[in-house]
Structures are given as C-alpha cells and as structure tokens.
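Here come two complexes built around subunit A, the first alongside subunit B, the second alongside subunit C.
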Partner chain A sequence: MTTASEVLSSIQSAFPGAVSDARVESDRRLWATIDSNKILDVCKHLTNKLNFDHYSGSAGIDWIARNEMEVVEIMASHGAHQVVAMLKVKTPRANPSVKSLTGLYWNASWYEREIWEMLGINFEGHPELYPLLLSDPLVGVWPWRKDFKGYPDYTTGERAVAIPTPDGYTEYSFPPTQAEIEAGTVPTERPKYPTFLERETREIKSDSEMIMHLGPQHAMVPGPFLLDVLVEGERVKKAFLDIGYIHKGIEKIMENRTWLQDIVYTDRMCYVASLSNNECYCGAVEKILGLEVPERAQYIRVILEELSRIQSHLIGTGEFLTLIAGVGFAPWQYMIMDRERIISLIESVTGARLTHTFVRFGGVRNDLPDGFAEQCKKDLPYMRSRIEEFIELFAQDPIYHARMENVGSISPETGKRMGCAGPVLRATGVAYDMRKEDPILVYPDLDFKVITGTRGDSADRIDVRMREILESIHIIEQCLDRIPSGPIKTEAKIPKKVPAGEAYYRVEDPRGEMGMYVISDGGDKPYRVKVRGPFYATFQTLTPLLEGTYIADAVAIAGSMDGCPSESDR
Partner chain B sequence: MLKRKMIKNFTWPLKIATREIEVTRLYPEVMMELPAVERGIHELDATTCIGCGTCARVCPNSCIEMVNFKFGNPLKNKKMQFPQIDFGRCMFCGLCVDECPVECLKMGKKVIMAGWERKDIIKGPDFLATKRFSAKEVADLEAEAKRIAAEKAAAKKTAAKEGAAKEGAAKKPAKEGAAPAKKKANGAEAKPKEGGAA
Partner chain C sequence: MDGLIEIITAFAAQEPGIFALIIGIIGAAVLSAVVNVGAMAVIWADRKVMSDFCNRFGPNRVGGRWGILQLGADAIKLFTKEDVIPAGVDKGVYVWAPIVASAGTMLVAAAIPFGALHIGGKDYPLVVANMDISAFYVEAALSIMSIAVFMAGYSSNNKYSILGAFRGMARMIAYEVPMGVCVISVAVMAHSLNLVEIVQSQTVWYAFAQPLGFIIFLIALVTDLGRIPFDQSEAEEEIICGYNTEYSGIRWGLLYFQEYNNFLLGSILVSLLFLGGWHGPIIPIPLLDMISPMIWLVMKVVIVIWFIILVRAALFRLRIDQVTDLGWKWMLPLSLVNLGWAVIIGSYFA
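Right after this comes the complex of A and B.
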C-alpha cells in the first residue's frame, strides 16, 4: 500500500526542486508546495504512475499578510491507496494566475471557475472561465478576498454605482478603478453569464431545435437550479446547467463567526444531511486541536450519522419516485411515514428534527436518552422489513423498469473520470466509500460492506441507496451492542482560539464524499473553510449525461442523483 | 359518531360567534409527544441568572439582547439585565444554553409562539422567566443587596482611612469625625460611589 511519504519521495525524485515545504501529516495526508510551473507535470506523474485518478477538488486561499494567493489541489485515488495529496500552488497577489488542470481532469472545471469568480485567480488554459455562482454585479469584486469590503462597497464610496431599474429596484455596478485597469488585476471586460436570448441565438442552428427550461423551480431536485436543454424533437442535443440560485456564501460567513458558531452554519448547507456536515467540520477542527473524542461519543456520532443516512436516502428516493410513473406516489407516502420514525429517534437524542447542531469539538451535545436502544430495537427491524418490501416492489414493477433501467448509465471509467460521488459512483461498480477509504471514528471496528451496483443507471442508484439503508441498520445494531459507558465530551479544555494549522477531513455524506479544508491562523475565527460538497461533484456530470437522451428521461436522470442544490451552492 | 361530529360542526361556529375562544384549533388535536431534550422556546430561571451576557455573545444570529427586568435576583445580577430573545431570528441551535455558566437558560417543550405583529415574537424575560421572584421578595433582596454594599463600602472606607491615616496621620484630623455621621445620613445611594472611588 502506498503511503504519503512514498508519494512524496516519488515526486521529489521525479521532479527535483519542484517540491518545497512538504509535510507528511500521517500515512494518508501529504501536504506539499509545488512549483507553479511544474504543477501540471506533477499531476500527470501522480495520475499515471501513482494511481491518483480522483481529482477531489481545489481550494483558493487569499494570504493577504504574505501578499500571495494559494490554490490547493486535492488529489486522491479511487481505492488504489488511501493517500490524499494536498498540493499547494502559490501565485503573487498582484496578478494571480495559475495553470488550469482542466486538460487533465474533466471535473476541475467548476472548482476553478468558482475560485476564479470568488478570488480572481486566473486559470491559464481554462476553456470557459465565466461565473458559476455569483450574480453579474458581484463578478469582479472578488468577494472571498480578505480585503473585500462588502456589497455594495459603501466603505470606498465611489466604487459602487447605483442604477435605478424601471421596476423601482436599485442595482449596483462596480466599474474597475483606473489603477486596477493599469495594473491589469481586474479584467476590463468581465465575462458575464450568457442570457437566455444570447444562448438561444448562439446555440439554435435550425428550426427544428428549441431550448427548454427545466427549472429554476422543478420537482426533480429539491432546490432551485436551471437546466436548459437544447432539444431536437424528443432528443436532448445539449444541456446547460446554471447553479447559484441559493448561493449563501456560507464559506465567507464562516470566516466571520467564531469556531463554535460555525457548527450552526454547517447545518444549513444541507439540512437533510446536517449531522455529517457537523461531523465533517468538527472533525477537521479536532484534528487541528489534536483532540481525542471519547469512545462513547464516537459511537453516538456513528449511530446518529447512520440514522441520518437512512432518513436522507428515504426522502431522496421517495421524492424522486413521485416523478416516475408506475410505483408512483405510494412509495413517497410510505417512505415519509417510515422516515418519521427515524426522525423521531434522532429528535429524541438531538432535540431537533433537521438542523441538529449536535456534534461538538471533542464530543457530542447530549447523551443517548433512556430507552433509546429499546426504541431502536423496535424500529430498526421494522425498517428492515419495509426496505425489503420496497426492493421487491421496485423489482416487480414493469413501468418502473421501463423508465429507469439503462437510463443515464455511467460506466465505471466515466464515473471515476467525471468525479461522481457517493451512490451515483457506487452504482457503477466502483466501491468507493469514505467509511472504508478514510475511516474515522469507530468505523474501522465495525463490520459492513460497501454496496455497489453493476450497470450504473438510474434504477441501480435507487437500488444502491435502498441496500445501503439495510447496511446502515446493520451498523447501528452493532453500535448499540458495543457502545460503552463513559463521558460524552472530552476532558480537555477547548480553547476559544484554535492554534494555527490546517486540516482536511473527509466523511461519507449520504450523497458521497464530503471534505472540509479548515485553516486556522491562531485566531478565534477560522481563516478559511473550504467545503468540498458531494453533490457539487455529482451535479457537474449532469450535462454530459443528458446529451443524447430523451427529454422525458432528463427527470429520471437528474432526480436519481438525489441532489441538494443548497449544498452544491453553499 | 357521525351525528356527533355533525353536531360539533354546528356548535363550534356558534361558540366562536358568541364567546371569545381560541379560533385556530390544533390539528392533530392532541400534540405529538416531544422528547425531553426538545429544543423549543427558552425557559429562563430569573432567580439564578447572573446577567453575564454570555448567551448574547455566543448567539450566531445575535438575536439575544440584555434588557432590564424587575423580578430577578439583585444579589447575583446587580444590573438586573436578563436575556430577551427575538424568535424571528432565533434558529434554536441551543448554543446559548450550552454556554450559560450557571445553567439558568433551558429550552423547553413549548413551540407555539404565533402573534399578531412582528414585535409579538420578540419575547422578553417577562415571557421567558419560568422562575422568578415576587415584587416583595425582590424588595427584600434589594434591601439585602444595599446592606451588603453598604457594609462593603464601609469596610473599604475604613480600610482606605486606615491606609490614609498611616500615610499622613497629621493631614486631616478634623474631618475624620464627621465622615461616619455623613454616611448614615446619606443612606445607601452615596455609599457605592464612595466605595467605587476608594
């Protein structure tokens, strides 16, 4: 098995002088600063020689005190080894520019677009560098830079130009200053998101083609996003995805709240999976603090995260199946009824139904109540019998098969290359699960298997989720048998100010691999929190998947991904 | 059964028309049982709150404001400041409860807070306090607080005087005799000031 130090020595021997300031945190984490000219070669070397075939995302950081910017490329492997390489590329703050990795990794596109629009780091060689999340007036003010003054820019006064619209609203425009134009830091003509008319005139070539909107409000994914499909007859020729309708700027908000308060904001990224978001953030901070979590607290966290996974899969599947004829509306009602039992179990521990704010640094908020194990022993076998019933129900329904089977199929190679996450990737047959790959808490002690599918189509995705629920029930039952008594919070005093450091922590969200990259500069607030959401990765693969399919299948494909735009937009 | 329901349907509007009763009925008619750890509307124990303002500082939405309230414990909470919560902003995260040093803030099972106006959901300590002192108890406690303050001030003053006497015993011999008499006459109000100055 490859370890982080082996990876580092391999890079150092292949590219002498390219690596500076390297740090091997553990067998599974490598931090290295790479020369910006050699980053492409290093990435090629990692992919071809060392099985780093999973581009997990990238983060941009503005180091205003050091007068430089940093792009951190997060590289991992789909099961060949467990090393996560965090490769930092530095660039001067005056005219930030790094090389784009879109040529090597298809899924680097969105991550780089986001960094560009938020921080103003130019990516050389990126094919379509236009805004992803922000609205037009905010593009070019680089909101994630540390010297961003707010919107509109009242502190500098002359920068913001108020434009009254005919409807009676006020819009703000930010013309670049003369100094910025001379220095070339702000592009004088900022790329804007194409309007619908522009897209129509550019893309429609013949009379038989038209563009259809699916969204921003559409039932296939519970959240606003716009899917424009260019159709010719019934066939989808091309698809365009616009996200950012519920961009909340959570990463920026988290920089302005204390460490403890930030737990609350992780809940709001995806309310259906808020426990794993809590876990991801708290785990990263615990890593920086070097805190040990008591064993009982670890078991409580695992139990609740698995319960959370069950309820997330139930609502995701149920909601989606309302759109599919055949089994139709009935599973939705059954699943919501069953989910209510799971929600009540979670509520009896955390005190809240959806936004739990339950995990704390070095422990959990509450202990399990009296009678929790007994209630679980009543509810979980019932849930198991229900899930088996659902699987049987889906297997027998001919209409369900006709609509779901071989629709939106992804091959394992495509899934890996496009960077799908979670059940969508596992349905293709790739056994990639953070609980096995990057085990946290007490997961290494527990016995469970990673569920995989065979065809990678919509039906398989649902099937994988259903069978994952059975596996989660198995995990919870083991935990309830083994859970020791003891404290639920660490004895150590948790300081208000977290010592300077950085950590990358991954958990298995119900939707896949979720990572948080947390940087502390020794203050009472995080310096930077980068959220690598699972659905952000999966969402990106939607447009190529839709090309060539029928328009009626678009819903079956997008819905089966169990999306949450709230988490992908953050 | 059906008949009874039909009769109920007729009698209910009559009741509403004739008497002032709750118009909105709960559905389901019996509320579901909430767990013991439910994070509902806060409950304040005004008898133990020390008015430190930790809850207001830790609140991520800054929906807690410290306001004056009469029925607390003046011995512990000298400024008589208690939390007032804007439930329009509160997201029931429970951080205020976790951080409270004296555990006087709890979250209860009450969840209904509908009002007619926006300001109705800003709930002051009067609404939140489940435990409080009566006006008479507060008066007694205040008197005690004054007495303690007076004692402290007196002790400080004597200590300061002793110190002053040691430093410059010859400077002001005439005033020493007058000072205790002045203290008694002015009452409690003057004493904290003197104590503060000392």
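Right after this comes the complex of A and C.
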C-alpha cells in the first residue's frame, strides 16, 4: 500500500525543484506546496502513475498578511491507497491566477468556479468561469477575501435604486457611495459573463423546444435549487443547474465566530446529517489540537452518527418515492413513521431532534441516558424487520422496476471520473466508504460491510441505502455490546486559542465523503474553514445524466441523488 | 292534496310541452344532486381510506371526529375565493373547460341506472334516460372529460399545463379503444347495448364469464379516472398540477369535482357491466325488500371504489410512454381475445 512519504518521494524524483515546504503528516496525509507552473504535470503524474483518480475538491485561501493567495487541490484515490495529497499552489494577491484543472478532472469545474466568485482567483483555461453560488450583483466584490467589508451596506437602505425590468418586475441595485469609491473598497470593473438565462436560452434551437423549470419552487426539489430542462415534447435534450438559492456563507461566518461557536453552524449545513457535520468539524480541530478522545465518547459518537445515517436514508428514500408515486404513497408515510423512532432515540441523548450540536472537542456533550441501550434493543430489531420488508416490497413491484431500473445509470468509470459520492457512487459498484478508507474513531474495530450495487441506476441507489441501514443497525448493536464505561470528555484543557496549524478530516456523511479543511492562525477563531460537501460533488453530475431522458425520468434521477441543497450551497 | 294533483293533471293536459320541461328540470336537479352528493361521499372516502392506509388520521375536525363536513368547508372556501383568470390565457376556452367537464359527467349520469326498486316480485330500474345503446353512450360520454382536460391545459398558456394536456390525450387514445372493445364484449354476451338489459341478463356475473374483460375494463377505467398509477396528466412532482395548474377557486374545484363524479359513475358502470348490477338475494323484511336491489348495488360500488382508492396508496406512477405501451401492446390485443371469447361463449349459450 502506497504511503504519503512514497508519494512525496515519487513527485520529488519526477519533478525536481517543483515541491517546496512538504510535510508528511501521517501515512495518509501529504501536504506539499507545488510550483504553480508544474501543478498540471504533477496532477497528471499523480493520476497516471500513483492512482490518484479521485479529485476531491479544492480550497482557496486568502493569506492577506503574506500578500498571497493559495489554492489547495485535494487529491485522493478510489480505494487503490489511502493517501490524501493536499497540493498547495501559491499566487500573488494582486491579480491572482492559477492553472485550471478542468482539462484533467471533469468535476474540478464547480470547485474552481466557487473559488473564482468568492476570492477572485482566475483559473486559466477554465471554459465556463461563471458564478455558481452568488447572485449576479455580488460578483466582483470577492466576498471571501479577508479585506471584504460587506456588501451591500444594509444600514443605509436608501441606497437601493429600483430598476424596472421589461417583464414588469423590479430589481434593486446598490450603487457604491462616494466614500467607498475613494476608499477603494468597491470594484470599479465587474467581470463580464453571460447570465444563466442567456446561457440556457441560446441553447434553444427550434420552435418545438422549450425550457421548463423544475425548481426553485417545485414539488420535486428537496430544497431550493433551479433545474431547468430543455425539452422537446417529453424528451429532455439538455439540463441546466443553478444552485446557490440558500447560500448562507457558512464558511465565511465560521471565520468570524469562536472555535466553539462554529459547531452550531456545522449543524445548519445539512439538518438531516448534522451529527456527521459536527463530527467532521470537531475531528479536524481535534487533529490540530492533538486531542485524544476517550473511548466511551468515541463509541457514543459512532452510535449517534449511525442513527443519524439511518434517519437520513429513511427520509431521503421516502421523499424520493413520493416523486414517482405521489404524496399519497403509503410506504413513504411508513418510513417517516419509523424514522420518528430513530429521531426519538437521538433526541433522548442530545435533546434535539435535528440540530444537535452534540459533539465537542475531545468528547461529547453528555453521556447516554439511562435505559438507552434497552430502548435501542427494542427499536433496532423492529427497524431491521421493517427495512427487510421495504426491500422485499420494492423487489416485488413491477412498476417500481419499470420506472427505476436502468434509469440514470452511471458506470463505475463515469462515477469515479465525475466524482460522485456516497450511495450514488457505491451503487455503481465502487466500494468507496470513508469509514474504511479514512477510518476515524472506533470504526476500524467494528465489523461491517461496504454495500455496493451493480448497475448504478436509481433502483440500485435505493437498494444501497436500504441495505446500508441494515449495516448501520449492525454497527450500533456491536457498539452497544462493547461500549466501555469511563469519561466522556478528554482530561486535557482545551485552549481558547487553537495553535496555528491545519488539518483535513474526512467522515462518511449519509450522502458520502464529507471533508473539512480547517486552518488556524493561532487565534480564537478559525482562519479558514473549507467544507467539501458530498452532495455538492454528486450534484454536479446531475446535468449530464438527464440528457436524453424523459421528464418523468429526470425527476426520478434527480430524486434518487438524495439531495440536500442546504449542504451543497452552505 | 287531491286538488293539487287535479291542477297538475289539468296543466299537463293543457300545456304538455311546458309540463315536460318543468319535469325535466326537476329531474335534472334531483339527478345532479344525487350524483354530486355521491361524489362528495367518494372524496370523503378517498381521504379517509387513504389516511387509514398511510397510518394518518385524515380529516377529523369539521363535522365531528370523522370529518364528514370537511368537504362542505372546502366547498365554501373554494366558492368564496377570488376568481383569478390569469393574463394571457385563452379566456373563452379557459372558462368553458370546467363547464364542459361538468356537462360531460351529467350526460353520463343521465343514462346510468342507479339501481332498481323491487315491488311485487318485479325489478323497476331507476334510470333517467333508458336508451337502447346506453352502454355505448355512457362510454362515449365518459371521454368528454378528456376533451375538457385538453381545453383546460391548452388554454392555460402554461408549459406544465400543455404537457399535462398532451399527456391526457395520449393516455385517452391508449385506454379508450380497449375499453370500448370490453363494452362490446359485454354487449355481445348480453345481446343488448342497453345497460338495464345487460344487468337483467346477468344470471352469471360477467366478471366470471369473461374475467379478462373485467380486468382490462377496470384498468382502463382507472386510466380514464386519471388516478395513480395513471395520473400522468397532473403528476404533481413532474408538472406541478398538470392541466389545472392555472386554475384556482371554484373553477379548479369544478374540475377536481368532476374527477370524483367520474370516479363514482365509473364504479357504478363496472358494477352494472360486470358485477351483476343490482342482482342479489331479496331481503325478506318489509320496506327493505323494496330497496334491497339498491343495497346490493351500493355495496358493489363501494367495494369497487375501495379497491381503486387502495391502488393509489400502493402503486407507483407509470411513465406516459409506458401507459401507451400498456394500452396498445397489452390491453388492446387482450381485449380482442376477450371479444373472441365472448362471441364463442355468447353464441354457445344463446
């Protein structure tokens, strides 16, 4: 098995002088600064020679004190080895520009668009550098730069200028004040790019084609996002996706709150997976602090994360079933009813139904209540019998097979290339699970299988989620048997100011690989928190899947992704 | 009392045309009241049975714990809502679509026997227009709803509506032919197209005499009603509300209500054609023996309605191309097979 130091020596021997400031954190983490001219070659080398076939995202950081910006490319492998390479590329702060990786990795597009619109780092060679999360008036102010002062200044509402549009609506523009122009905080030039509407309307080639909105307000969407399909009759010819309707700027907010306060914000990224998000953030901070989590706390975390996975899969599958069967569909109601039991179990520990804020640095907030294990032993066998019933129910339904089989199929190669995550990727047959690849807590001691599918279609995605619930039940039962008594929080004193450092921590969210890249500059607040969301990764693959399908299938495919726009927009 | 009857008889003799008109208006009012109250009961049953299946309560506030007055509350709400006609719709067609739908269902109701009275050892069928071709007429009038659906969708000037309208039409073409062939098969066996005579000739229920035809007719009926698994024309998760996306208030209410009117009338049609209509043992209790054919018919209709409601809670929605596939590749050939069977069996017993 390849280790991080072997990867580093391979890069150094292939590209002498390209690597500076390299650090091998462990067998699984490599940090290296790469010469900005060599980054494309290094990535090619990693992919072709060292099996780094998983482009896991990139982060942009504004180092205002050093007067430079940094783009961190996160590279990993789909199971060939467990090394995560964090390759940093530096660029001057004035007129920042780096090379785009879109030519090498299909899924680099969204990550680079996000960095461009947020930090103003230009990506040379990116074919469609349009804003992704921000609305058009915000593009050009580069909100995630450290010297960003806020836009528009909401304290002076009278600055708003109403502009009537030809359609009869009113838009508001916020022209900068004279003081702001003199201070130089307002960009004088805005980037030029075609708007979303212009991009999609220029694809209409004939009178028989039309664009239909499936969102942002539509019975299909699990949260607000805009999915426009160009249809001819019932046939979808092209699909366009616009996200950012609930962009909350959580990464920026987290830079302005203390380390402890930030746990609350991780909850809000995805409320059906808030425990995984808690875990991801706290794990990263624990890594910087070098904290050891007591064993009992590790077991409690695993139990709760698996419970949260069960409830997330249940509501994801149930909502999806209503998309192809209507809201009167009985199994959907049954799933919500069963999910209520799991929610009650979690509530009995954390006190909250959805946003728990339960995980703490070096432990958990409180211990399991009395009678928790007994309640679990009652509920989990019931849950298992119900899930087996659902699996059998779907297996026997001919209409289910007609609607779901070979709908939105993804081959393993495509799944890897497009960077799908979680059950969507595992349904294609790629056994890629963070609990095995990058094991945390007590997962290495537990016995469980990584569930995979065979066809990668909508039916497989449901099947994988359902069988994953069975595995989660198995994990929780093992944990309940083995959980030791002892402290639930670390003895060590947790400082208010976290020492300077950086960490990348990955957990298996219900929707797949979630990573958080946390940087501390020694202050009482994080310097930068980059969230690599699983649905953000999967979401990107939606549009190519829809081409050539029927409208009804487009809805089925979009639903089978188990979307959480709240997490992808952050 | 005698004086009143004398006056009426005298009036009838003097002005037979006006008398017939008045009687007709009263009959139409009674008929539509009966059908609409029945449809309200069907809507209530739909909500309650669905919620029971799904482990919910359903309506349980208005009119006691069973929520029997819920529909009245809904109707008051719909009637008092603002009448919105969106800019850009084809106004004439838009306004007329719900009216055409209501007219279509009333045309069906006119020819359907609602039961029979058992007086003096003889069944007297209750039917407004006892015509010779009533089975065929009813099947034709049922499909007027599809035209109203197309009118509503086409005039709405909305992308979702137009797709719903097209889907409705494609579905209508798929189910109408096998449904017609099934009616013909029944007529062949009964040697009549009159619904009353079809019922009277059913010594053996046609559901047993031609089971294939019964199943195909039931599927075609669910397709006609536009209920899951065949609700493509208003698939909420795909095209918002399909053909009635742009409707609101009582105009929407009328369109919605006609679906349930059709549901009720279609269920009665299944009971008449295949389940022996009002046939059943006469209850040997005074007064009850008179309406016992009605009781049997109502029981059969309730069972059919129950079945169609439960199908909605249990099945997925088919794609529109799968519906047309089902209609043309399976239901039509099988209904023709059933027709052949009916001809052979019918001529053997004749």
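In this text, the second predicted complex is superposed on the first by the 518 of 570 C-alpha atoms of A that agree within 3 Å, B and C clash if a C-alpha of one lies under 4 Å from a C-alpha of the other, contacts with A are read in each partner's own complex, and residues count from 1 in each chain.
As a convention for this text, a contact is a pair of C-beta atoms (placed from the backbone, for glycine too) under 8 Å apart; a residue touches a chain by one contact, two chains touch by 3 or more.
Treat the numbers as computed from the prediction; the structure is a model and nothing was measured.
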{"item": "Three-chain arrangement built on subunit A, subunit B and subunit C clash or fit", "value": "fit"}
{"item": "Which superposed partner A:Tyr265 touches (first subunit B, second subunit C, both, neither)", "value": "first"}
{"item": "Broader residue contact with subunit A after superposition on the shared chain, subunit B or subunit C", "value": "C"}
{"item": "Which superposed partner A:Val349 touches (first subunit B, second subunit C, both, neither)", "value": "first"}
{"item": "Partner chain(s) touched by A:Arg403 [first = subunit B, second = subunit C, both, neither]", "value": "second"}
{"item": "Which superposed partner A:Thr357 touches (first subunit B, second subunit C, both, neither)", "value": "first"}
{"item": "Which of subunit B and subunit C A:Glu468 touches, first, second, both or neither", "value": "neither"}
{"item": "Which of subunit B and subunit C A:Pro369 touches, first, second, both or neither", "value": "first"}
{"item": "Contacts of A:Glu117 with subunit B and subunit C, given as first, second, both or neither", "value": "neither"}
{"item": "Smallest distance from any CA atom of subunit C to any CA atom of subunit B, in Å, after fitting", "value": "7"}
{"item": "Residue ranges of subunit B touching subunit A (in the complex, touch as defined)", "value": "34-39, 58, 60, 91-95, 98-99, 107"}
{"item": "Complex contacts: residues of subunit A adjacent to subunit C", "value": "210, 212, 218-220, 233-234, 321-330, 333-334, 337, 397, 399-400, 402-403, 550-553, 555, 559"}
{"item": "List of subunit A residues in touch with subunit B within their complex", "value": "257-258, 260-261, 263-265, 267, 344, 347-352, 355, 357, 360, 365-366, 369"}
{"item": "For the subunit C and subunit A complex, residues of the former touching the latter", "value": "50, 53-56, 159-160, 163, 166-167, 228-229, 231-232, 235-240, 312-322"}
